[in-house]
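Next, two complexes with chain A in common: one pairs it with chain B, the other with chain C.
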Partner chain A sequence: MELHSHIRQTLQQVAVLANCQLIEPITDDTVLLESGLDSLGFAMLVAQLEEELGMDPFSEMQIAVYPRTLGEFIAIYQQAADQTAG
Partner chain B sequence: MSDLVIVTGASRGLGLALCRQLLAAQYRVLALSRSETDETKQLKQEYPAFEFVTVDLADLSQLPALCAEWIKRLGRPYALINNAAVGYDGVLATMHNSEISSVLTLNIEAPILLCKYLLRPMLLNQRGRIINISSIIARTGFNGLSVYAASKAALEGFSKSLAREVGKAGITVNCVAPGYMQTEMTSSLQGDKLDSIKRRSPLGRLATPDDAAAAVLFLLSEQASAVTGTTLTVDAGSTA
Partner chain C sequence: MVFLQQLQQIPASQLAMDGSEPKSYQQLRAKAEQIRQHYPQLAGQAIALHYTGLAEFISALLAFDGWCSALYLLPETDISIADEVYVWPADGSKAPTAAVAASSPEAVLESVQETVQQTVWYLATSGTTGTPKWIAHSFTGLSRAIKCKAAQQPLRWGLCYQPYRFAGLQVLLQSVLSGACLVDASQGDAGARIQVLQQYQVNALSATPSLWRQLLMTNQLSAVPLQQLTLGGEIADQPLLTQLQQLFPSARLLHIYASTEAGVGFAVSDGKAGFPAAWLNQSHSQVQLRINAEQHLCIKPPVIPLEQTAVTVDQHGFIDTTDVVELREARVLFLGRASGAINVGGNKVHPEQVEQVLLQHDAVLQAKVYGKASSVLGQLVVADIAVAPDTDTKALQADLMQLCFKQLQRHQIPTRYYWLSQLSNSNTGKLSRKESNV
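Let's look at the complex of A and B:
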């Protein structure tokens, strides 16, 4: 749950930095491409999370994975965090 | 703290000249190369702002973790200069496939991955510089250097698109294309060939590594903030 809110919060911060207007409300079912954040903004979100969490689950994956919704995006981080902890 | 510049292929030739000019201009330098030289050891003694790391950039799988470690330890870089390259002189028809592969790995795949991982912190800073060292051979061609030329032309195409991608984040991406320089890399070009290049050049000489390094320093500067997606040729006029 902590990771979930951390990512949601970072999304808001990065949107400001990337000068993007997020739609309201943002939920786990929000389709990323329709969230208001552009592709460079997503790169910034991944970069910010890498700095803060010390991981980039997408680089660690063997194949290219592109989550469709915010919930899927968060699940990928959760899974990586669980693996690190386990 | 002064801006951090990461330089690949830093132990000799253009990379070394570049490190010297960067340090003189008060940048912090993270120098990467496969092997340390007497010159880099001396720079380390002279400048606390100079750090040398031995790394084989052709080992692509280690690059993400290395970049993360550098960023964590040294902070977000201001600039990346992809200078490391290899060139095997020989006709394509008999060039070994492993050599073709190693040119493409070191000259194009490694710079792309370094850009990927090191521009991320630049995105967060909303400022940065990426400078890829090309060669006039990317556009003129040279007998015996077709694969090298392919890698440099690829680097120029890559740089133009990346410039479009990251421009709105305040990051510029450019190439510097030196002509023939008297470095260890061109040592096989001595004698008549080199004399003929000198004779034909409008300035009657070759460009030096210091000439090319000065162009890089300009692209790093605030004065170059409106220059992106371009290639700056430094060849004493050879391709004029």
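Let's look at the complex of A and C:
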């Protein structure tokens, strides 16, 4: 679950940078659009993860899939990481 | 034909509103005629219109087009306007006062109908230095792309853009002139907008690719009975087009290319990114297209826009849109702006304006701002900063964020800083744009 905690940590860092107040508590069921992160903050999170993980699953997808919750968001990264490893 | 006359030819229909009483077009027309009767001294004058609500806005447009000499649609940002321009709705010293001893309404109405004239519409655009400037349009030009077929009538349009900007005005005119219903969904976050779209069963929607992505993120878009989907204001990418097409297989999917400077645009309806290369060197939607030596898309509109000082028109009447394109597999694909202007979710950012703010900090030796591709918002603003070797970049970044939050709008703020000892002159804006857009 290293990826899981990494993404959660990056989310907190990006929220500070983007001047966004995250709701408490943030869980896997948190709806991204209601997390306190606005669209710019969300874009920054994806950009930051791309730098750190070397992948942006949203730009690599042939068909765009949009996550509703943080859990869904993390699952997309997990899937992309598994595919790369496999 | 002016706006009011065109409206008289369409059947009355409901105009739904967000959070207030729906108004019919008949009511709006009556309100417009009332304005003309109560303020006869405004005939032939220049008016600057503030947006206060959809119904009031449409009534004012109907009242003033063809009756006033000029109509300025005020943006939310500061923009200079001449002293002799009346501000509407009335708000203080420059406000018009209702004529007290007006002659009979019939007499006024007669004089009103005699004073039909060509009104010059002014829409605000952000200039190259970030200072907004006015671009002149005619009503004929603004309504050229409007489709008024009978099939358009049952549509219920959702308005996701600010109606005083080019894109929003297009949606407004499309609904009003085709007698379709118009629902104001221009406020709030994606969740709030989805609520409005569902509540009023909106079936036609025009939005930026970035807003479409946010609407998809709510996971509730499929509950909106969309028959017509339009993407504009940003480059529409293939994965998003494919996703929307799969979600609404029987809907009409369009992506629009529009140039405020050229005053025209065209729609692509085949669900593929870019437009067919076959459209080059031939007329399409009354405009001619070609690519110049610098890989810019050039457009020849049927009518050259009014008072164009900011655009380059060649000897054949082609206007340089300064949008960089490339030809790939029989498609013309958009890469970005030649000026280096960054498009963050449909909001234009001028690098120079952001650089000016960053350079206010003593520790910033050089600053270069450019766009980085984002799968969420199209592009993000990033900055290369040249600093002295012993600089505490972490502290500097915090300082710069503070500076930017104070002086810039949210979408203009750099989201990432790259610290360098010096900026290379060979690293041209053109190079970084290509890197960031492909």
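In the analysis below, the second predicted complex is superposed on the first by the 86 of 86 C-alpha atoms of A that agree within 3 Å, B and C clash if a C-alpha of one lies under 4 Å from a C-alpha of the other, contacts with A are read in each partner's own complex, and residues count from 1 in each chain.
Operating definition for what follows: a residue touches a chain if its C-beta (ideal position, glycine included) is under 8 Å from a C-beta of that chain, and two chains touch if they have at least 3 such contacts.
Computed from a predicted model, the values in this text were never measured in an experiment.
After overlaying the two complexes on the shared chain, residue contacts for A:L11 are found with neither chain B nor chain C. When the two structures are aligned on the shared chain, A:A80 is found in touch with neither chain B nor chain C.
Measured by the number of chain A residues touched, the leading partner among chain B and chain C is C. Legend: residue contacts after superposition of the two complexes on their common chain; A:A43 is shown touching both chain B and chain C.
In the superposed model, A:M61 makes contact with chain C only, not with chain B.
In the superposition on chain A, contact is made by A:E34 with chain C only, not with chain B.
The interface of chain A with chain B overlaps its interface with chain C at residues 17-18, 40, 43-44, 46-48, 51, 56, 59.
Contacts from chain A toward chain C in the complex involve residues 17-19, 32-34, 38-40, 42-44, 46-48, 51, 56, 58-59, 61-68. Taken in their complex, chain A has these residues touching chain B: 17-18, 40, 43-44, 46-48, 50-51, 54, 56, 59.
The residues of chain B lying in touch with chain A in their complex are 64, 68, 71-72, 120-121, 123-124, 126, 165-166, 168-169. For chain C in complex with chain A, the residues that touch the partner chain are 189-191, 210, 213-214, 216-219, 239-240, 242-243, 246, 344-345, 372-377, 380, 401, 405, 410-411, 413, 415-416.
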